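What follows is chain A paired twice: with chain B in the first complex and chain C in the second.
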Partner chain A sequence: MTDTNATEGQADSSAEETPPAGNHWRKATLIGVHPQSWHSRTLVLDVPGWAGHLPGQHVDVRLTAADGYSAQRSYSLAEPATPDRVAVTVDLLPHGEVSPYLVESMELGDELDVRGPIGGWFVWEPGDPSIGDGPVLLIAGGSGVVPLVTMLRARKRAVDSTPTMLVYSLRGPRDLMYGPELEEMSADLSAPGSAEVRLVYTRKVPGGHPRPASHLTVEDIKPPSAWPEPLAARVYVCGSSGFVDHAAGLLHKAGYPDDRIRTERFGPTGVDR
Partner chain B sequence: MTSDLSTPAAPDGGAESGAVLDGNAAAGDFAGILASDPTTVTVRCGSCGSTQAFGQLSACLGGPGTVLRCRQCEAMVARVAKTPQGTWLDLSGSSSWLFLPAPGPA
Partner chain C sequence: MTISRGFFGHHDPRAVDLPPGQHLTHGFPVLTAGPTQLISTEVWSFTITPESDKPRRWSWNEMMALPSEEINVDIHCVTRWTKLGTHWRGVALDTFFEEIDTDNEYAMVHSYGGYTTNLPLEDLVGGKAWIVYEYEGEPLHAEHGGPARLLVPHLYFWKSAKWVNGITMQRSDEPGFWEGFGYHNYGNPWREERYAGD
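Here is the complex of A and B:
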């Protein structure tokens, strides 16, 4: 270990083929935008050298101003892996520092920095042996739906048939992200890649929706009748801390042991320098 | 004010001031130090002895450093702080870290 300095240059080339996850910043260029709700949009970024990621992982995004001031936030990867490409779906926090820029101002050709992929725990890869034949329950609050939709997309891409249900809690119809895609995915439950989707409106219910407005209840997370098992083999919960704690409480009430539940809390991740 | 994140109204997705997140949110900083994904590491709390995935620890970000706490007893188990002197990693609140074997063909 005495002459590590001298050999530092070679240390890299002898390292494992996978570089340490998520520890260096890469340039990313905005190449596409897709609106997802009244106040959210997907940003598609060209990231040369991006090798891929697992559904559920996130990236750190860094914006740097001309004077060198920079702000950093975490965003879930919004699409299954595609070489050289990273997508994130960002919901506007009206008085936030970073999300208004990403949702309203950033233009095609603009650049930012990303690092990742980050996190190997809140992930679901189709075929995961620890999940077996499932079923899998996905519970989303607000923009917490982003990594869960990425899981659904990856499952569809892999033509994986693990029974899956998404329970998505949101305030009202204007907050619905991925609306058309979720509708299509749940329209014909015998189609490959389809999934049961339950929308849980907490404030304002659109006309024709059967469930009255209320917070997520234990009824909402009851398994669909088609499931072979009463409890999911794995549950993923994503949303704000308050939402995740509430959902975890309901899951315990429904009989889920801790080791079947994986959670991820969205919230202020601000690092400003 | 349509964002699900915009009013302090848990549990429908509300903002809590100084919200406590989880280890997933702290993973970017720790990954840079550990040269491996921290979120799947099984951490044993030095105070109460319970074990939990790093990804499930509670995490406070955004202060001078990131602090991770045990979800059972709230004791501080790990802390990372960036200072002009360098990066401090304090693991004194934990008794062990179990890194899973790297995934891949056995």
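Here is the complex of A and C:
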């Protein structure tokens, strides 16, 4: 598996002489773009020397204007490790500073700086015994789906059969990221690398979808009946702070112990309390 | 630095006052590993354990009887959010440490839920750190670390442990939770000490 090899390679390199991999900025060149939803896209970057990462880790991105002004943001790694390559999937925040550039302005051949991989807590790697082999419950709000899809892709790549379910909360059909891929992944649950996917629309439901629009409920996160020990599942929750708090509250209600829940928050809390 | 063709940025005029790589938010910066802890003030307590192994414990009511201060500071989260002019009320750690006899120079801060973070003692005393229980004139909400959290505004905000419940004095420095996952051991935002090796 390339994932594991790449990270082992990192750990083996003599730590005294080379700074840790996350610690210097590398030039990245845009070599591919893939639209994801009406207002998001995946950017594929060529990053010479990128040694690899774990699903769930993120990169810091730095944009610098011609006058030297610069802005930095964090983005989850959107693909399992491939040498010299970094992908991020960015959702447009209409009046934001960085996401409009990444989603609308940046063109093939344009450059920026990245640094990473960062974060060793919000990670799940197929077959990693240190993280356990119980079922995996992934709960995403909006663009919080990005690191979770990276975990699903890594699992598929490794032909891992850990029971896995993605619960994905989104506003409406126009917000759906990775639609065709998620559909394919969940079409035949007996196929290797497949995963159950539940789409939870909060405002606008596409025609034919059985569930009415509402916020995520305890029902939505109920594990499939086939899971032997649902409460032994490892749970990953990612999205805005408000979404993560809401989902963690539901998990609490459903009886999941805190120590099985890992969270990643993409923004500040909206409430000023 | 690599110039990104076509990027202009927002050039926030206030940005000159921010630590490098930070930008302003009007929300509340967060970096939390797991779910919010719900601790009532009846069960809350705060314990300092010096090397003598004679811990000194304060209950909620005992803490409320200590002299409190108003604190008006900017806070900087390593996820790049800076919030200006936040108002807190709490008790300076100097007040707690008046009763503690220690020669150890390092502290490990503990929280309900198992979170830990490490700091040199000198960053906790001398009017630099507080146990806070009010934010903007109201009891500190559980989401933001209530009923009480540590506040160490001169370091990145992950050092300001939410749901704090104790400090253990140590002879040597050891990494806490995020410090063990590649974040910087000290975390000075003005020197941009985000990750190990910065």
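Operating definition for what follows: the second predicted complex is superposed on the first by the 243 of 273 C-alpha atoms of A that agree within 3 Å, B and C clash if a C-alpha of one lies under 4 Å from a C-alpha of the other, contacts with A are read in each partner's own complex, and residues count from 1 in each chain.
Note that in this section a residue touches a chain if its C-beta (ideal position, glycine included) is under 8 Å from a C-beta of that chain, and two chains touch if they have at least 3 such contacts.
Predicted model, so just to flag it, every value in this text is computed and none were measured.
Look at chain A after the overlay: chain B and chain C clash there. Applying the stated contact rule after C-alpha superposition, one finds that A:S74 touches each of chain B and chain C. By the document's definition of touching, of the two partners only chain B reaches A:R203; chain C does not. With both structures placed on the common chain, the touch criterion links A:G267 to chain B and to chain C. Once the two complexes are laid over each other on the shared chain, residue contacts for A:G120 go to chain B and to chain C alike.
Applying the stated contact rule after C-alpha superposition, one finds that A:L216 touches chain B and leaves chain C untouched. In the overlay built on the shared chain, the residue A:L251 is in contact with chain C alone; chain B does not reach it.
Of the two partner chains, chain B is the only one touched by A:R174; chain C is not. Within the superposed three-chain model, A:T64 lies in touch with chain C and out of touch with chain B [touch as defined at top]. Within the superposed three-chain model, A:D188 lies out of touch with both chain B and chain C [touch as defined at top]. The superposed model puts chain B in the path of chain C at one of 4-12, 22-30, 58-66 or 94-102, which is 22-30.
Looking at chain A, you'll find residues 20, 22-23, 74, 118-122, 241, 245, 262-263, 265, 267-271 touch chain B in one structure and chain C in the other.
Remark: chain A residues 16, 20-23, 38-39, 58, 60, 74, 91-94, 115-116, 118-122, 141-144, 169-172, 174-175, 202-203, 215-216, 239-243, 245-247, 262-271 touch chain B in the complex. On chain B, the positions that touch chain A within their shared complex are 1-6, 10-16, 18-25, 27-28, 31-32, 34-37, 39-40, 53-56, 61-62, 102. Residue ranges on chain C touching chain A, taken from their complex, read 1-11, 21, 23, 25-37, 77, 79-81, 83, 113-114, 135-136, 138, 141, 143-144, 178, 181-182, 195-198.
Touching chain C in their complex are the following residues of chain A: 19-20, 22-23, 25, 27-28, 62-66, 68-74, 97, 101, 105-107, 110-113, 118-122, 241, 245, 248-249, 251-252, 258-259, 261-263, 265, 267-273.
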